[in-house]
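Chains here go by letter, A, B, C and D, matching the order in which they are written, and residues are numbered from 1 within each.
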Amino acid sequence: MIYMDNDYTHGAHPSIFNRLIETNDEGTSGYGTDRFTENAIQMIKEAIGREDIVVHLLSGGTQTNIVAITASLRPFQGVITADSGHINNLEAGAIEAVGHRMLSIPSEDGKIYAGEVKSLVDQYWNDNNNFHKVQPGMVYISNPTETGTIYSKQELIDLRHVCDQNNMVLFMDGARLGYGLVAETNDLSLADITELCDIYYFGGTKIGALFGEALIIGNNKLHHGMKTIIKQKGGLLAKGRALGIQFEVLFKNDLYLELSHHAVEQAMRLKKAFLDKGIALRYEAYTNQVFPILQNSQLEVLEKSYVMLKQEPVGDNHRVVRICTSWATDAKVINQFIKDIQAL
Amino acid sequence: MIYMDNDYTHGAHPSIFNRLIETNDEGTSGYGTDRFTENAIQMIKEAIGREDIVVHLLSGGTQTNIVAITASLRPFQGVITADSGHINNLEAGAIEAVGHRMLSIPSEDGKIYAGEVKSLVDQYWNDNNNFHKVQPGMVYISNPTETGTIYSKQELIDLRHVCDQNNMVLFMDGARLGYGLVAETNDLSLADITELCDIYYFGGTKIGALFGEALIIGNNKLHHGMKTIIKQKGGLLAKGRALGIQFEVLFKNDLYLELSHHAVEQAMRLKKAFLDKGIALRYEAYTNQVFPILQNSQLEVLEKSYVMLKQEPVGDNHRVVRICTSWATDAKVINQFIKDIQAL
Amino acid sequence: MIYMDNDYTHGAHPSIFNRLIETNDEGTSGYGTDRFTENAIQMIKEAIGREDIVVHLLSGGTQTNIVAITASLRPFQGVITADSGHINNLEAGAIEAVGHRMLSIPSEDGKIYAGEVKSLVDQYWNDNNNFHKVQPGMVYISNPTETGTIYSKQELIDLRHVCDQNNMVLFMDGARLGYGLVAETNDLSLADITELCDIYYFGGTKIGALFGEALIIGNNKLHHGMKTIIKQKGGLLAKGRALGIQFEVLFKNDLYLELSHHAVEQAMRLKKAFLDKGIALRYEAYTNQVFPILQNSQLEVLEKSYVMLKQEPVGDNHRVVRICTSWATDAKVINQFIKDIQAL
Amino acid sequence: MIYMDNDYTHGAHPSIFNRLIETNDEGTSGYGTDRFTENAIQMIKEAIGREDIVVHLLSGGTQTNIVAITASLRPFQGVITADSGHINNLEAGAIEAVGHRMLSIPSEDGKIYAGEVKSLVDQYWNDNNNFHKVQPGMVYISNPTETGTIYSKQELIDLRHVCDQNNMVLFMDGARLGYGLVAETNDLSLADITELCDIYYFGGTKIGALFGEALIIGNNKLHHGMKTIIKQKGGLLAKGRALGIQFEVLFKNDLYLELSHHAVEQAMRLKKAFLDKGIALRYEAYTNQVFPILQNSQLEVLEKSYVMLKQEPVGDNHRVVRICTSWATDAKVINQFIKDIQAL
């Protein structure tokens, strides 16, 4: 079976293992105080073009969300999120477990828009008795979203504006950010994101690392105490070097961009194949996820070879299916997949 | 400089990288549902000799402590621990952050004893107004302790007895358990520990893994919901395979024992060298940590070559120093270290 | 202005002050260990007809919800509630602040039904990867609901059944329970509720006390540690006697029923007046809340004399308004209110 | 039996009931938005002489501690307290339950001093790896302390200084503050305390109210969101008027001072009687608590008439006993008590 249900089905890019082995016998101090971590952080700062930011390396996405939200909110504040947001659906109540309520906005495409956010916060601030309510303290967005869509620069500027006017933190969950940066419809750079978001993370796990997320904090009000929070939430790796080394490799010669390009290219080839076959797509996405609406019979055929993620049924005979490519996707596999689509 | 201040100064045992690379191109499902994790868990069960236990693989020690304690305690319960316990000193309030108070017992050697625990719990249960107090719900022990000492089988049986009589969970933090198992003074097997503790973990990070701790749950009342707690606390790795593969390697042909033996042997060589030189040791330890009480002038000399962990001063002219060996310690380095001690 | 926007607009029933004064000079021990509290609890047990239950007296509703939910759920569990449930809307994230997520069900009439609950829990238990999700651990219902409706005995039996089958706690927020018990459509007794719910509370604040809620726990698995939780959550009053005395008064000669009858009678008179006038009601309610859909011009007139709670607009010219009666509502005021309705 | 084990053994000062009854039929809005609460807050501001502060009225001490600490600390911060501090001993882990660790300092007299605090915080800030540790974020003091002692103005100035230099909040638990203000050794005014502490509370429960504590916040950085926190923690009373009315009464014509004077006078009479009898006192206290070290035989005699709080034994034949007076203590009872002491 070929695993295409998500983008963490394979190990890590070989150059990561090479570098881990190469550095293996060098002794270092722990908990992210080693030279590899320091260097990785410096490389990330340079890729962004900002020296005044703070970067921490963590192991996983939920962990990073817990840390970022803990650091950003006061106890009486909650998180505005699309109802489809990862923190709202697939993190086992991790954010509520650290005390914060979700303030969710229904979303069709995985995104939330400034106007919707403004409407929600205005309702709060116009309520004289709002002490009965959780105060909106953060806007959480995934980019790319869980449905493969991405935010435009203007949309992010608009969200920034609402956040500024309502004293909220703008936080981007960038578990798949690499794939977003290389989408043909993207107009956001890392520098833009760093400027527009107070805090965000750049995912390594899904674009070539064995594990690892880089939390990037532009807003200097959020710098203080961050490492202690990471330790407190169980996110500080003893051998922090393992994270440092991986991010060094990903950012060396922009490997993360190269790997991202590859994955998105394969996804777009699949997308075209589905459309050519007359199979509609559930979401208009340009990143590494494709969401065809398959007939049940088509699904049955493809399931014989490919592991895909079944989502909601559409009518009696169809179902939305998620297919992911990644840095590890072999172009030859996609060649065959396209043939299989054509043969449906 | 040679890093000997702790046991996570180096990467991972080479066979771990070999196996990660060997399996890299195989697609698997995520979050610990892959075949490597399943196999690793089976190997651990076989090493223990119990099929009715539950095992989960996590990334780090603090994370594992958070998970185990969250799963074991009701909200009104606290943790009995040596004042020197890792959770009480070096985890940035991680346990308090999930709502539980430390009930600490002063300890000279890093251990707590059944009599002390009984005295503390009796005081609670004999108090008619104990609703003003946190209820003792767990006994937390480190084995080996933070000072390199270990529990005997009888001591563990005695603690088990107090726990049984007071409805408490017995939890062992085994971040360095491998090193304890091979100590010449040890009389505990993994089977014993599994029988006597409700829950414990076997540390991988410090004995050869890049990262990873195996949480082992004998008490079946604690099985339910454990994986959800791991996810909620940010401890569920997307590429769970990375943990599975590492524990497969550590438990294949008892590699963990071989690596542990090596480390403890080197520590005992250092210990002998200090004693031969007339340098006293702060703790009577038989595992991978040695705690000489060095003259400040001796410390100055050794610090030129070795990174060690400086602890409390003793009088005006001495200081306790922690030196750790690990799976990665080169015997030749210890040869030289011994010469350096002799030359002091 | 006449306050009718809620049912806590006035002080307390005079007999409560009489009894507080009468007992004022008697010394007692604190924290609910006094004879008044013991007696009040005994009276509540007798009113229910059960000696094997546990009763605690607390100060307010949110506090009681926090305590009951803390005691009932494991950390990975959440609360099923109507989206209109008080805990989901008007408690400033109190339940999330103790770590639990809301699993809300859209509701038209403030109630949730066994079928809806079953559907939600089935979805969870049928999901092989449900460790990414919060486990449904409790069904929370308000009775009467926030819209004045009540549950029938059969509906409660059905909810009990779903809870039993899915190992969930059934918790009733009875802040206005007295008013429910006397509704003409009610077929539930305190004994029924105690049998069918694991835990519930009987509100004093809204039916004649100055403050106070009686938490009643039928499920003996929830007895242990409850008083410590109350203390921990700041709900244990030093002068617990103040609660004991109030509940003694409310349960003496069924005063709570008498006061409840009075309030509901006044509400039904208002209800009839609105219907007679041709003014529709938003909810079909038989308790102490009336929800007329007023023309904006009618609202303007009534607002000159009465404080009411404005709710959502209906079309361009109407608005739903909440009017509450209580133990303190003067029948003469209602006479005048009815005249004012007739004159609209 | 005459209850003298604490200062919440009786109901409330009669003028409180008079005023509750007098205002009972007036309708008001809820949750502290009523005119009585507004007036009480204004009276408190005038008693302090500051208009720029924020005051909230809550029901009990633990609740108020939870609220104040939640509002003051970031998640990675803990509370410096005397080991004898109320939050550290008698609040069932309430502060840990909202995520904060105690950083306790051993105390002989219930007080902590600037030098001790400085030493603790210096150790933290001098540690390069302090991310493993909870950051000191608040100094909590009780005044009067649990042993009846009080802080001098200079001691409070010194603590303020350490807090300023280390960016910590200074919080005073004033559950018995009235009794402290009238002690013959006191040199602190409410104005001083408001200036020197960031936040503190003035206890009503123990000096004549049925219940109620006034939280006073001088530091305007802590004003935001406070009412939402109170609601979230279950501390916002629906009939907030009940708190407002009580504090109106206590602050009208300085009733709280009159009642406090009375209580302390009775305590000093007892103190003198013990000393005259040659019975030593455990703590040098000038407030409403007396701590004689009684022979067991003396204790046996007195216990026949008086409920007192037994504390630690002293040698084989003695025990420390706490005796409290309060606003409710009858001078005639003390006349008799003195005779009983003389007759020992």
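Heads up, the rule we're going with is that contacts are C-beta pairs under 8 Å (C-beta built on N, C-alpha and C of every residue); 3 or more make two chains touch, one makes a residue touch a chain.
Not measured: the values here are computed from a predicted model.
Engineer: Measuring centre to centre, with centres taken as mean CA positions, what chain is farthest from chain C?
Structural biologist: Chain centre farthest from chain C's centre: B.
Engineer: Among C-D, B-C or A-D, where does the A-B interface recur, judging by over half of the contact pairs matching in residue number?
Structural biologist: Most of the A-B contacts reappear at C-D.
Engineer: Report the inter-chain centroid distance for chain C and chain D in whole angstrom, where each centroid is the mean of the CA atoms.
Structural biologist: Whole-Å distance between the two chain centres: 33.
Engineer: Could you state the distance in Å from the CA-based centre of chain B to that of chain C?
Structural biologist: Here the centre of chain C sits 49 Å away from the centre of chain B.
Engineer: Between chain B and chain D, what is the separation of their C-alpha centroids in Å?
Structural biologist: 42
Engineer: Quick check on chain B: which residues sit in contact with 2+ other chains?
Structural biologist: If we look for residues of chain B contacting two or more partner chains, we find 75-76, 91-93, 97-99, 131-134, 228-229, 231-232, 236.
Engineer: Using the touch definition up top, name the residues of chain B that touch chain D in the complex.
Structural biologist: Residues 75-76, 78, 89-93, 96-102, 131-134 of chain B touch chain D in their complex.
Engineer: How about chain A: which of its residues touch chain B in the complex?
Structural biologist: So the residues of chain A in touch with chain B come to 1-3, 5-6, 8-12, 14, 17, 20-21, 23-30, 59-67, 91-94, 97-98, 205-206, 210-211, 228-229, 231-239, 241-242, 307, 328.
Engineer: Can you check the complex and tell me which residues of chain D touch chain A?
Structural biologist: Going through chain D, the ones touching chain A are 31, 33, 70-71, 74-77, 98-99, 129-135, 224-225, 227-232, 236.
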